[in-house]
Structures are given as C-alpha cells and as structure tokens.
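Multiple structures follow.
Look at the two complexes coming up: chain A is in both, with chain B in one and chain C in the other.
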Partner chain A sequence: MPEGTLCNKKPIDTEEDLKTLLQDTGGKTYYEEMKVLDVNSDLLWNTIKNTCKSRMKTWLEICAHCGMCANSCFLYLINDCDPKQVPAYKIQSTLGEIIKKKGKVDNDFMHMAMETAWAKCTCCNRCGMYCPHGIDMGIMFGYLRGLLYAQGFVPWELKIGAGMHRVYRAQMDVTDTDFTETFEWMVEEYEEDYPGLTVPIDKEGADIMYTVNAREVKHYPEDLAEAAILFHLAGENWTVPSSGWEQTSLSMFAGDWPACKMQVEHVYAAMERLKPKRMVGTECGHAHRATVIEGPYWAGRKDGKPPVESIHYVEWIAEALKTGKLKIDPAKRIKQPVTLQDSCNYIRNHGLKTATREIISYIVEPGYFVEMTPNKEHNYCCGGGGGFNGIGIFRSQRNKALITKRDQLLDTGAELVIAPCHNCWDAIRDLEEEYKIGIKWSFLKPLLISMVQVPEHLQPKE
Partner chain B sequence: MFKKILFATSATPVCDHAARVAFDMAQRYDSHISVFHVMGIPTRGYSQVVLDVKTGEKVDLDDDYMDWVKEEVKTYYSKQIEKVKKYDIDTVVGIPYREILRAIRKLKPDLVIMGGSTGDEEESVYKKGIAGSTLQKVAKSSNCPMLVVNRPAASFWGGLSKVVFGTDFSKASDAAFNFALKLVKALDCELHIFHALDISSIHLGRALTQDEIESKIRESLRQIRGKYINKIKDSSSCSFDVWEGIPYVEIVKYAREKYADLIVMAHHTRKMDPEDTRLGSNIEQVIVRAGCPVISINK
Partner chain C sequence: MYEFLTGYMFWLSIGICLIGLLVRFVLYFKGLSWQLDRVAYKEYPALGLKGAASSIIRWLIPFGTYGWRKQPFMTVIFFGFHIGAVLVPIFLLAHNMFLKEKIGFSLFTLNPTLADILTWAVVVSAVLFVIRRIALPEVRILTTAYDYFILLLSAAPFITGLIARYQVGDYTFWLTVHIFCGEVLLIAIPFTKLSHIALFFASRAQLGMDYGIKRGGAKGKGMAW
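On to the complex of A and B.
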C-alpha cells in the first residue's frame, strides 16, 4: 500500500510534520505522491456504513434528476452551463458512485472526486434551496470531503490548515501567547485615543466572550483593536479567553472531522471555563458555521447548541445600534453607492439577513444602499467559499468563479461593498486584483469606528 | 544615544538615501543596525502565496525563498554593511507598516530609520488591502523616534551639529523637545527652537493685522522661554525664533537658514481618516520638503 511521506492518510499532529509539509513548496512532492496513493476501499466502505445515515441515503435515492438545481449553482452558470457542473450530477458522480461501488474506487476516481469536492462546490448550499425535494448538495459535499480527507485526497493547503488546528488550535501558527500579547499591544496602540481602553482577558461571568479569526492576530491586528474599541464605546462587559479564542475551522473545509471536534471543543471549553452570558464571534462566515451551527453536533451536544448563546458579530452590532449602545453620527454616514455581500454561511444558512440590513439602515445615508441581485438567502457565493480561496492548484477555477460576484457588483454600480466575512472579503480583494473593477471593500468594524459617536466621558482629554 | 537602530527598508532605490544616513549613523555612533525588510504581503486567505513587494509577483513561500530574499538584501547593502560592526538582517511576511511596528515593539530600538515614499501610489504593491502609506501609519503609532530621509539632499550627511526643533506647544511637542534636548546634550550640538505662527488657514476670510501678528509672535516667544529655555542649562549654543507664515514652509526655510542637519518634530495626528492620509499634516509636509533628515516623535 504506497503511502507518501507527505501525502498519506495520516493527519498532521506535530509541529515538525507541519513544517515539513510547509516546506514542500506549493505541494509539489505532495501532489506527485498523491498520484500513486492507494485507496483503502475497506476503510472507505466501513466509514460510509458507519456514518452515511438515512438523510444522506434518502437524498441520493430520491434525486429525480430533474435538473432544477442546475441554474441555482453559480459554478454551473459561470462554466457555460456545462452539464458536469450540475449539482446533482456532481454529487451523484462522486459520492453516489463511491456508495454504489461499495468503496471500490481507484486513484483516478479519487482525483476526480477531489477536484469536484473542492473546485466545483463551495458548500454554499444554494442548490438545496431550489431543489424541489430539499436535497442539499452542499451538505453532501461536506460529507464527501470527509471521506476524501481520510483517504489522503485533500488539497495541500487544507491538509496544512487542518494540521494547524491540530497543532495550534488555530488556523495559523498563532499561539495563545501570541494572541493575548497582540491584543494587548493593539490596546496599547489605541489607548491614547480611547482612554480606558482595555482587553479583559479570562474574565469570568462577563456578558460577552469574544472570539476571533487567527488571521486577524497574524496580519490584521487592527481588527482586534477595533473590536475592543467598539465594545468599549458600547460600554460592554466583555472578555476574551486566553485559550479557545479561535473561532474558525479550516478543518471543516478540509473534512478533517476529528480536528473539527477538537477545535470546537476547545472553544466550548473556554465558554465553560469563563461562563459568559453570550459569545460573540468576529466578522467571519465559516467560523460562525463551524462554532455555532455545526460545531454542537461535532461535539455531540444533544441540544444542538453551543454551551452559551452564541451570536455573530452582525447580530451584536444590530443590537448595539438598536438599543443605542452605539450611536452613529448622522453626518458621517456612508454617502456613496454601497452594496452588501451576504455571506452564505450566516445569511443563507443561519437566517441573519435582517440583522445586516438593520445595520445598513443606521450607517448608510438613505438612498445610497443598493442591493445585489439576487440577494439575502438567494445571494451567490463570493466565489471563494468553502476553502476555494486558498487552494493553489484550483486557482484558475477559483478566478473564474469570481466572475459571478464581479458582475453582480458591477450591476449595482456600487463603489464600496461591505463584506462582514473574512472569506468574502478575501474573494472580493482578489477579484479586484484579478479584474480591476474599481470596487472598494470593507469589514463593518472600520466603517463603524469612522462614524460612531464617542460618549463625552470616553473622549480623550488634552 | 543610538545604540540600536532599526532600518526599515524596501531594499530598493527609494530607500537609498535613508540607507546612506542609517549606515553612516551606525558607523559614527557605533550602533547595532537591524536591517528590516518586509518582503511579501500575505494574500489568498490562508494559503502560502505572498505578493513579493519588490517584483510584484506572487510566489509560493518557503524557507529557500526567504533565505534568498535575505541574501538579496545583504547583497544590496553589501558595501555599507562592511563599514558597520554590528548588524543583522531580518525579512518577514506581512503588511509592511504592521510588521515594522511589531519589530519596533520587539526590538525596542532607539531610532527607526525609513525612506520617504515608495513612489507611484497607484502602482505600489504596498497599497494592497490597506489605505495610506507605510510611513504615515508607522509614524502615527510608533512609540520610538523615527527618522525619515526623503529627499536626496537630506542624505548628504556629515553627522549632527545643528538641530532644529519645531514646536506647536502641544503635549507631543513636549516629548519631542525632551528627545531633542537629550540628543543635543549627548552629541554636543546646537539647538534651534522654532515656532511658526500659522496665518494660512486659522483665520478664515480675514487677514490678521500686523499688530495682531506681532503680538502673537511675542506671546509665542514668551511661551518658548517658559516652556523650553528654562530647561536648558547652558543656553549659549541655543537660539529660538518665531516666524509667521505657512508652518511647514517656514520650518523648512528656517532649517535651511540655520544649516540644520536634523529637524525634530512631534507627530500627533489623531485618528487619521484612511481616505485622506496623503501627507496632510505639517510634519509630513516637512518630511517631503526638508533638505535634511526629520525625526518624528510620537510619545
């Protein structure tokens, strides 16, 4: 049974292995080894027998091949309506076949399945809304990814990503010390402008426990400062955990189920340790899906909910604006054509469309907000979801996928797009780099900071 | 005074003037110079692809590439490195201003040295994902004095003998004064204290009468005496002046008249509007125009 030294069925569990894999530039050796990687059919079939439950089986069985899902899929549309991009075909020809053949599939098949699972589906779940039977191909692709991951057929970057979660409990090599030190540094940097600004670490019984995306710590630490400033101005009793602060899950994109469980349990442990009233997560879509929507099931929580009520950042902002905890200076509202990117992971999949639009009503001068078409739960994926953004070998497919969003943006005539999701934010940045349409993009935090009123007692004295 | 110097550079010709001053200072004051280069900007979400700031190309990052860039930087400054005894070179990946600030926090240098502008703003890869220039953002947040060499003229530098301290009497200016005072004492230089009375914009729509101008000048001179001159023990190598005009123009003129080889000023622009960071404040205009290096002090 040929197993590669880099490409194999073993997950990355040590820092050393992680570094070795990282040094394989672009996954060159990794993908070479994948070409001869054996499929363990027994493992595959046993896994299916143990984990493929009635919902999934029924979905595969009752699909009427009606093709209603075709037009719902932006990848089908952007690829000249290629029949091989019809969601039903994509899942039947991969997961469906594996089950039909009782796991007896070969290396070529697995390569095809890998490309289908990571480059032909972003798990945006839009097709599930249009299927007359309610069959959700996105869910099934998530499942397929798990089967592929266990066999070692996973894009290089995601093997690394899942390994990061296993080693650091974060999607990047950011340690707990890095996190708390960076947060403290950011507060130091801004405390002169916002007297009394602090970052309460490991405070028990706070109203809010805040969790983040490791990328903020690594590359965009202002985001941490901005979160602190907004909580400070809103007068919130908040805290961050010194461990269990990472809300994201590249392991979910990778299909590394045990890592998904490890990661989310780590966050839940922080909740149980600090006993906050609520958890608020940063402006990230998949992090919310991982920790709030799917996580409870990974962790085997019977009520299907995290240990404490957990809300998305947009819900907190909408609430803070509504209750007047944060007040916007009307003169500073956005006065340019602006649109909003609905993140699949918490708009379509968690129904938060009203929250984001409430925020818009406070921060945009009436008359300047333009909806994309389609929008809300019908909106298209940014083009980079489900891990698509970071996978090198599927770059050309990803860039093509961005065209859908590009054209949607162009049709709005907007100059700015608000993208309260890391993945969408990234995809739109890449889209601008690739197609140069002159769009600006932003998270909500910097926009709010630029227009929020600072209560008199919190203003700097000089 | 300058035991540790952090020289943050793009390792391209735009930083050559700053490099000349940085290595010259390190040699003259026997400083340890840390050459710091942010080689790439992270891109593609969690992927390993970075945008190389020199070539503008997307590269797959690994240790070989990092080593290669480090070697490139070393070669670029090879002649200058020969002259200094203590140096190190570090190359990192990240958003440039943020990584420079991170390095300042870690190394705690006595002085940061940077070049001026990296050229065409629109084409610059530094623009990616962030608004405003690296220099402005570092100047705003750095808690370490920052020396900027923008014009070629500013880099023909023969050590320090005459320092101009420009003040607007703010709290940040007090910090800048303390630094200037320490510097002239340690390096035995002349100190020229200067305030420019802004008659350009503050009195919109009305020209000040000459009597008003002169009265304000007298008042400012009194402030200089009270705030600063009293603190100088030996005031024989010290002078002070107040001129009226557009502040940044007057400071540059004054420095030229005094043959200054350094200008020290405070940087205290609060909450920069990211849309409008392009060289707005006086110090930024001074940096662009001065014929000598400028030190900006924040805290």
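On to the complex of A and C.
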C-alpha cells in the first residue's frame, strides 16, 4: 500500500512533521505522492456503515432528482450553469457513488471527489433551503470531507491547517506566548490614547471571556488592540485566556473531526477554568460555527451548548449599542454608500441577521445603507468559504467563484462593504485585487473606533 | 382476476403500503442521532417541534417558500401532480362506493368534475415532468431510468383510471388494469423513492429541527423558508 512520506492517512501530530510538510512548497511532493496513494476501501466502507445513518441515508435515497437545488448554488450559476455543478449531482456522483460501490473506489475517483468537495462546494448550506425534501448537501459535503481526509485525500494547506490545531491548538503556528505577548504589546501601543487600557489575562469570573482568530495575532494585531479599546470604552469586565483563546478550526474545513474535538475542548477548558459569565468571539464566521454551533457536539455535550453562553462579536456590539455602553458620535457615522456581507456561518446557520442590521442602524447615516440581493439567510457565500480561500491548487476555481460576490457588490453601488467575518473579508480583499472594482472593505471594529464617543473619564489628560 | 384484485390483493396492497410507510417513518426517527447529526433533538422539544412544523407547513403551501417562488413552472406542475395524486385516490366517489361496499364505510367524496380536473392535472403534470427532465440540462444530468420508472408507476393508475372513466375500449379490461396498477403502486411505495410519501415529512421535520434547535431557532430566528 503506497503511503507517501508527506501524503498519507496519518494526521500531523508533531511539530517536526508539521515543519516537514510546510517545507514542501505548494505541496509539490505531497500532490505527487497523492497520485499513487491507495484507497483503504475497508476503512471507508466501515466508517460509512458506522456513521452514515438515517438522516443522510434518507437524503441520498429520496432525492427526487428534480434539480431545484441547481439555481440555489452560486458555483452552479457562476460556472455558466454547468450541470456538473448541480449540488445534487455533485453529492450523488461522489458520496452517493462511494456508498453504491461500498467503498470500492480508486485513486482517480478520490481525486475527483477531493476537487468536488473542496472546489465545488463551500459548505454554505444554501442548497438545503431550496430543496423540497430538505436535503442539505452542505452537510453531506462536510461529511464527505471527513471520509476523504481519513484517506489522505485532502488539500495540502488543510492537512497543514488541521495539523496546526493538533500541535499548537491554533492555526498559523501561533503559540500561547505569541498570543499574550502580541496582545500586551498592541495594548501598550494604544495606552497613551486610552489611559487605563489593559488586557486582563486569565482573570477569573469576568463578565466576558474574549476569543480570537489566530490570524489576528499573526497578521492583524491592530484587531486585538481594537477589541481591547472597545471593551475598555464599554466598561466591560473582560478577560482573555492565556491558553484556549483560538476560536478557529481549519480542522473543520479539512474534515479532521478528532482535531476539531481537541481544538474546541481546549477553548471549553479555558471557559471551565476562568468561569466567565459569557464568551464573546471575534468577527469570524467559521470560528463561531466551530466553537459555538458545531463544537458542543464534537465535544459530546448533549445540550448542544458550550459550557458558558457564547455569542458572536456582532451580538455583543448590537447589545453594547442598544444599552448605551458604546455611544456613536452621530457626526461621524458612515456617509457613503455602504453594504453588508452576511456570513453564511452565523447568518444562515445561526440566525444573527437582526444583530448586524441593528449595528448598521447606529453606525450608518440613514439613506446610505444598501442591502445586497439576495441577502440575509439567502445571501451567497463570499466565494472563499469552507477553506476555498486558502487552497492553492484550486485558486483559479476560487477566483471564478468570487465573481458572484463582485457582481452582487457592483449591483449595490456601494463604495464600502462591512464584512464581519475573516473569510468574507479575505475573499473581498482578493476579489478587489483580482477584479479591481474599487470597493473598500472593513471589519466592524475599526469603523466603530473611528466613530465611538470616548467617555470623559476615559479621555487622555493633556 | 377482478375478484382477486379487489379481494385478497386489495387488503394486501393497502396493508403493505400503510405498514411499510409506518415502519419507514418510525425507523427514520429511531435512526436519528444527536451526536452524528449534531442536533440536540431531545433537549429542546418545543424549539424542535416549532422548527419541524414550520419546515413542513411552509413547503406544503404553493409558492409558500423562496424555493417555490424561484421556480414557478416547477411549483405549478409539482402541486398539479401532488394535489390530485393525494386527493383523487382517497376521495374519488367510485373509490368510496367500493369502500362502502367492502367495509361499510366511506369518506367525504370529491365533486366528479373536480375529480376529473385533478386527475387530468396529474397526467398532464406527469407529462410535463418528463419534458422538464429531458429539456433542462440541470435535471437531465440527474435523471436515471429509475426516475422515469417511478413516474410511470405513479401516473399509470391515473392514466388507466381516465381510460376506464371515459370508457375507451373495453371498460372491464381497463378497470382491471387500473386496479392492478394502483395495487402495484401501493406495494412499491415503501420500497422505492415513493417512500417520500412519509419520508418527505420526516426529512423536512429533521431539517426544521436542525434550524429550530441549532441553527438560529434558539436565537428566535428560525429559517426563513
């Protein structure tokens, strides 16, 4: 059974293995090895027998082949209505075939399934809303990703990403020390402007435990400072854990379920240790989905909830604005055409459409906000969700996928798009780089900082 | 033949259909797993029930969902087919006369003209289903011989019923063929895609519970179907 040295069925569990895989630039050797990687049909079929139960079996069986899902899929629409992009076809020709063949599929088939699972579906779950039988193909693609991952057929970046969570409990090899030091350093940078600004680390019994996306630590440290400033101005009793601060889960994109469990349990352990009243997560969609929506189930929590009430950053902001903890200077509200990107992971999949629109009502001058079409639960994926943004070999497919959002944005006539989700934010940045439509994009934090009123007692003394 | 089909076979086909559907319905729900499906079904019965009910009811209303409104042609032929396919077999006058004679009990019956219209709607919709399957590339790629077989199986009792009703050719022959087709259909229901007669409700209830409990229902925002 040819198992590659880099491409194989073994997850990455050590720093050494992780570094070795990282050195294989672009996954050149990794993908070469994948071409001869064997399929363990027994493992595949046994996993299916143990995990493909009532719900999914019925979905595959009763699909009426009516094609009503076709137009719900932005990838079908943007790829010139290619029938091979019909969600039902994509899942029937991959997962459906594996089941029909009782796991006896070959290497070529697995390559096709890998491309379908990661480059033809972003697990946005929109199709599930348009199927008369309620068949959610996004969920089935998540499941298929798990089967493929266990066989070693997973894009190079996501094998690394899942390994990062296994080794560091964070993506992008950000360590606990990196996190606390970066947070403290960033807060120091802003101390003069905001006297008394601190980052309370490992404070027990705080009202809020804040968790982040490791990308903020690595690439956008200002985001950490902005979070600290807004909590400070709102007078919140908050903290960050020195360990268990990473909310994201590339392992979810990869389909590495044991790693998902390890990652989310690490965050839950921080909640148990610090006993905050609530957890607030940063402006990220998949991180919220991983830690708050799916995570409890990976961790085996029967009530489907994290150990403490956990909310998305947009919920906290909406609440802070409503209760007056944060006050906006009306003169500084946004006075240019602005639109809002609805993240699939917490709008379609967690019902937070009202929170974001409440925020808009405070921060945008009336008359300047333009909704996208379609929007709210029916909004299209940014084009880079489900890991699509980060996979090098599928870059051309991803760039094509971005055209949907590009055209949606152009139709609004907006000059700025608020994107309170890392994946969406990245996708919009990339679409601007690729297609140059002159759109600006922003998280909520910097916008709020630019217009929030600083209470007198918190202003710097001259 | 007629005696056999209206006697022993009548009870057998009805029995297989109803018991089969019940078994499939019960097995579906028994097979749901909170951990595999990642939905805490039992923890939030009220949210689950609310989500399930809305998920089913909204899809039973013509143009009641975004999905239906997006595809008006499909919606018209879908309801054209299903309304007749459900109502005519149960509430047709002739069927109820047979029932009255057989078990001394009958149901509300449809106005004969309405029954004719509904039956024609089933047959015409079935033809349009076939044309849609051939004409639209996104449906053609999904379509298998099995799909045509299921459609033929479902439409056959209605086509033969119309032939008998208008007394084209030998009435007794066509009546016998009609009853035969109906009974074959009843027997096939639990074992084929036609099990969706029960599993539609089960599957819709599941996704409704998923949204009702986990994906926004607890935030007071269920799915905007």
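One rule holds for everything that comes next: the second predicted complex is superposed on the first by the 462 of 462 C-alpha atoms of A that agree within 3 Å, B and C clash if a C-alpha of one lies under 4 Å from a C-alpha of the other, contacts with A are read in each partner's own complex, and residues count from 1 in each chain.
Heads up, the rule we're going with is that contacts are C-beta pairs under 8 Å (C-beta built on N, C-alpha and C of every residue); 3 or more make two chains touch, one makes a residue touch a chain.
Since this is a predicted model, take the numbers as computed values, not measurements.
Model built by superposing both complexes on chain A: chain B and chain C fit together without a clash. Within the superposed three-chain model, A:Asp430 lies in touch with chain B and out of touch with chain C [touch as defined at top].
Judged by the touch definition given at the top, the superposed model places A:Gly134 against chain C, while chain B stays out of reach. After overlaying the two complexes on the shared chain, residue contacts for A:Gly26 are found with chain B alone; chain C is out of touch. Applying the stated contact rule after C-alpha superposition, one finds that A:Gln459 touches neither chain B nor chain C.
Applying the stated contact rule after C-alpha superposition, one finds that A:Pro446 touches chain B and leaves chain C untouched. Of the two partner chains, chain C is the only one touched by A:Gly351; chain B is not.
In the superposition on chain A, contact of A:Gly392 is made with chain B only, not with chain C. Greater residue coverage of chain A by touch, when chain B is weighed against chain C, goes to C.
In the superposition on chain A, A:Gly384 makes contact with chain B only, not with chain C. Superposition on the shared chain A places chain B and chain C such that, viewed from the Cα centre of chain A, they span 160 degrees in steps of 10. For the pair chain B and chain C, the model built by superposing on chain A gives 26 Å as the shortest CA-CA distance.
On chain A, the surface touched by chain B in one complex and the surface touched by chain C in the other have no residue in common. On the side of chain C, the complex with chain A involves touching residues 27-40, 43-44, 55, 59, 66-67, 70-71, 74, 78, 133, 136-144, 147, 193, 195-196, 199-200, 202-204, 206-208, 210, 213-217, 219-225.
Residues of chain A touching chain C in their complex: 51, 53-55, 57-59, 61-68, 70-72, 76, 81, 83-84, 86, 88-89, 92, 128-136, 293-294, 297-298, 300, 302-304, 348-354, 376-378.
Listed in rising order, the residues of chain B touching chain A in the complex are 42-49, 60-65, 94-95, 98, 101-102, 105, 128-129, 141, 170-171, 270-271, 273-274, 299. Across the complex, chain A meets chain B through its residues 22-26, 157, 160-161, 171-172, 185, 189, 192-193, 215, 218-222, 250, 384, 389-392, 422-423, 426, 429-430, 433, 446, 450, 460, 462.
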